[in-house]
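There are two complexes below, and they share chain A, which is joined by chain B in the first and by chain C in the second.
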Partner chain A sequence: MSAFSYENKTPIISVNSVSYDYRNSQGESIARGVRGIDLDVYQGEFVVLLGHNGSGKSTLAKLLNGFCVPDEGSVTVAGIDTKDDLKIYDIRSKIGMVFQNPDNQMVAAIIEDDMAFGPENLGVPRDEIEERITWALDVVNMSEHRKRSPSKLSGGQKQRIAIASVLAMMPDVLILDESTAMLDPKGRKEVMDTARMLNCQKGMTVILITHYMDEAIEADRVVVLDEGKILTSGTPKEVFSKVDLIKSAGLELPIASKISSELIALGYDIPFALTDEELAEGICKLKSKI
Partner chain B sequence: MREVSIGQYYPAESFTHKLDARIKLLLTIAFIVMVFLVQSLYAYIAVAAFILIATLVSKIPILKVLKSVKAIIFIVIVMAIINLFTNREGTVLWSWWKVVITVEGIVTAVKLALRLIFLVMGTALLTYTTTPMALTDGMESLMYPLSLIKVPTHDIAIIMSIALRFIPILMEEVDKIMMAQKARGACFDRGGLLKRAKALLPVLIPLFVSAFRRADELALALDARCYNATPNRTKYKQPRLTWRDLVATIFTAVFIVLVIAINNNFWGLY
Partner chain C sequence: MQIKVEDLKYTYSPKSPFEKVALEGITFTVNEGDTIGIIGSTGSGKSTLSQHFNALIRVSHGKLYVGDMELHAKKVDLGKLRQSVGMLFQYPEYQLFADTVLQDVCFGPLNFGMSKEEAESRAKEAIELVGLNFDEVKDKSPFELSGGQKRRVAIAGIIASMPQVLVLDEPTAGLDPRGKRDILELVTKLKKSYCKTVIMISHNMDEIAEYCNRVIVLNNGKLLYDTTPRELFKDVKALEGTGLTPPHTAKIASLLANNGIIFSDLPLTVDEFVKAIKGGIAL
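Entry: the complex of A and B
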């Protein structure tokens, strides 16, 4: 994991004191969305938005690509305000979004046709669509499935196809909106590995929305949402070590962090651990000291 | 997962599979018109020969094509029987009380049955050799003149393709819901017709709820992928007409002329 440098970077997404409520047709507020959110996302960053159900994390995602327009404040993507109706498709072509249920985001019964859907909508020339499909399938390592039907694939594979379909639109930012929530551990790992690889090797800005804390371990920055507000943010280590705050947000620490924080509380001299390896190392060092 | 035969595409590498979907659609329509025009039994033999040749060229097992008739055999029988008993003119073969069977009645019944069977076999060949996606694309392309009078042909094509895509998903969902209801003591295979229909209600309601939820999510996904971003939408799969399409068209045209000639006894064969 390389430390992300914020020097000389301009944010690709800027969220400025945004509030949003879900409203009924009379304009009355029926559910809280988010309150006073400030967030900048930089090019090439891997940001994880953490929060339990109803914390406002998916609302925030919908605000980022203009599905929802803020009641107060503003959201700008690459300098374009999401309130600008005429440029909404510029924003959506820059922000690729992958949703929770892979079955509900595929339009065609053949994988390459589904992948062509986005570029077709943008009016990309035919030959370029062909190149993009070949490239995107190669990136997610699913080239051999090109002419097949998605119905025969596993959840993780379907979700990788969904990512490839979004990649074919050549977005600057990839948002994974709870894209791992319906998957088994193997599928989750496939999707996480793909997201991480895109971030490291292709420099893709990735915003991952999840309630699994272990998916946040390798992020550049973790943002914890609770009741529509940003509770805390920072590097995974900074955030995870605020044990009580995390608990109050209804989230579950990775097992290694839980054990190490309890050991620290008992007075043992070990560093706060995020992964099992770090915990094992800390305990070994402690043992050699005794 | 249940294997669903909607679209019932039969994958193979054949002349017919490689034909342009639009040409196949047009030729199928021409075939349907031809079958309706045919009156004489001799011409029916010619039509049967046409189907046989087309099946062989498509490399579809003949049994599979025959099986497609199974789905409508009930309708064929009912229609044939109705024709058999309602035709009262001509040579009486057998009569009892008010029921009269005539030679002409038998002939019309047989002709009607053959006509229906040929229709189904012909259209089955189309769906066996063309993927649902190619079919919807072909239909969209053929509907092009309608788009000039502001009919949203592309939206129609997308709706058709999404419908095809979601059929197996919803079928699977029905299975799951039925199992869940069975686990709670529901019974789908006992009782009278009314009772069985009633038992299906607890399956249909969750199915509809889930279908609407899926539709909601799908709408978001379509928007996220810039659906309707530009009127100058491009097309990834651009069908090109080849020599095959020309050969198939000429062959079908010649056959139609031949069948109609036989039908009208042009050569005085009978």
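Entry: the complex of A and C
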């Protein structure tokens, strides 16, 4: 995977010193959301948000599409402030979200009807909706299921339909909020392959929230949240090589990183590895040196 | 408590157009003290099999012994069985229903005929065992808790009946890394007290490799392997066609084997791997 170039890129999403608390009906704060977040996401970037439960990942995602508006600071999407009530639908049409449980996101009994729901609400003409559905199903490789019921699909297939439904709204950004958490390994792979393909081939900006460290390895940038703040961010290698910081955030390293960091600590001359292949290569080189 | 499965077969919707054979010719034994992993892709029959263990699905063909109970017999003492075999379903936090944590955890023991006092003392013990502060959570609504805490309350509700066998269907699915580790350490702790036998369904091969002493592989309703994780994952090709992938340590070991670096004993955990390298395997 080639490194993402930040040159001459403008951010599609800009988060500026944002704080947000969950409040009761009297306006009193009942739970911390996020604190002082600064984050720019660039067009075409693949960003992974990591953090333990309650670290603020999902709150941040909800701030990005105007589900929540900041108490302090501002969020702009393609130059539009999420506080601008009149333009909230412009923002929602630019950012598509897919959540953890696909069953919560299906509204119709037939897949093509389910997919039409979004664009219909945006006022897209009927003919164009048809075209978009055909295109989106083709993108996620589910065309043959068009007339079928979502209830007959596997978890991975359902999430691909959920992604296709979001694509039918032609968003610039796709946010996957733990969309792989309930899937088996095969389903997870289907969803991850789809997300990567959209990012690489269609230039879609992808923001992925996950507890699986393996899914963070191929990101352009990893952002780690802890106690509502950004703890660290950078390329996967930069982030995961901060071994102690990752542990303190309640996260785990990918297995290959764990092994390589322990070996490095023991004085072995191998590079820090993210993938099984990198680690194996490092150990083989070590052997050939001796 | 020993569990013996003999030639178990199960068919959904028999003699109808929707007929589907879910299990066929399954034979194996779970010994007391085993932590046994059941693995297989979605639709391989894992859940159908595990639901037999406390008679949520009745034996329709073959034999099933749980301790001295014969589950294939016409009459089964379901109360006794379900008290002995605790079953944790996928996403058990969705089954919480009572107004308070204490009520929820007491539900099982009360239904098994214990007095209120006894049930509450069992509940207290169980809640503390799963790592929650009893006085802090007992009067809270289970719905106020975080995802990891909810799951622990659900587990407390099962272990409050002091089962001797625990069947866990994907116990760590959807949890963050810390929550996963907490649950698995809890299972290890339980094994040291009354719950000696654990049957665990998981898609996470790294967990199976680290925590199970035996593993059963199901494929299309048939038993493909009954072996130890070390034997099973030794040959990375063995799992081809089952939709399963080996744990990371096994994959790294097989990449190294291609380059002439052979482990005498397959490492199943990070510690074992590092120890093998330290012991001079690569040098």
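Observations on the structure shown:
Heads up, the rule we're going with is that the second predicted complex is superposed on the first by the 290 of 290 C-alpha atoms of A that agree within 3 Å, B and C clash if a C-alpha of one lies under 4 Å from a C-alpha of the other, contacts with A are read in each partner's own complex, and residues count from 1 in each chain.
Note that in this section contacts are C-beta pairs under 8 Å (C-beta built on N, C-alpha and C of every residue); 3 or more make two chains touch, one makes a residue touch a chain.
Only a predicted model underlies this, so the values are computations on that prediction, with no experimental measurement involved.
By the touch criterion defined above, A:48 lies against neither chain B nor chain C after alignment on the C-alpha atoms of chain A.
By the touch criterion defined above, A:136 lies against neither chain B nor chain C after alignment on the C-alpha atoms of chain A. When the two complexes are overlaid on their common chain A, residue A:89 makes contact with chain B while staying clear of chain C.
When the two structures are aligned on the shared chain, A:287 is found in touch with chain C, with no touch to chain B. When the shared chain is aligned, no partner comes close enough to touch A:163: not chain B, not chain C. Contacts of A:12 after superposition on the shared chain: neither chain B nor chain C is touched. When the two complexes are overlaid on their common chain A, residue A:211 makes contact with chain C while staying clear of chain B.
Once the two complexes are overlaid on the shared chain, A:230 sits clear of chain B and of chain C alike.
Overlap of the chain B and chain C interfaces on chain A comprises residues 100. Those residues of chain A that touch chain C in the complex are listed here as 52-54, 100, 154-155, 178, 181-182, 184-187, 211, 213, 250-252, 254-256, 258-259, 262-263, 266, 268, 276-277, 279-280, 283-284, 286-287, 290.
Listing the residues of chain C that touch chain A in their complex gives 41-42, 91, 146-148, 173-179, 203, 206, 243-245, 247-249, 251-252, 255-256, 259, 261, 270, 273-274, 277-278, 282-283. Chain A meets chain B in the complex at residues 65, 67, 89, 92-93, 96-97, 99-101, 103-110, 112-113, 116-126, 129-130, 133, 151, 165-166, 169.
Only residues 1, 131-133, 158, 161-162, 164-165, 168-169, 214, 217-218, 220-230, 232-238 of chain B touch chain A when the two sit together in their complex.
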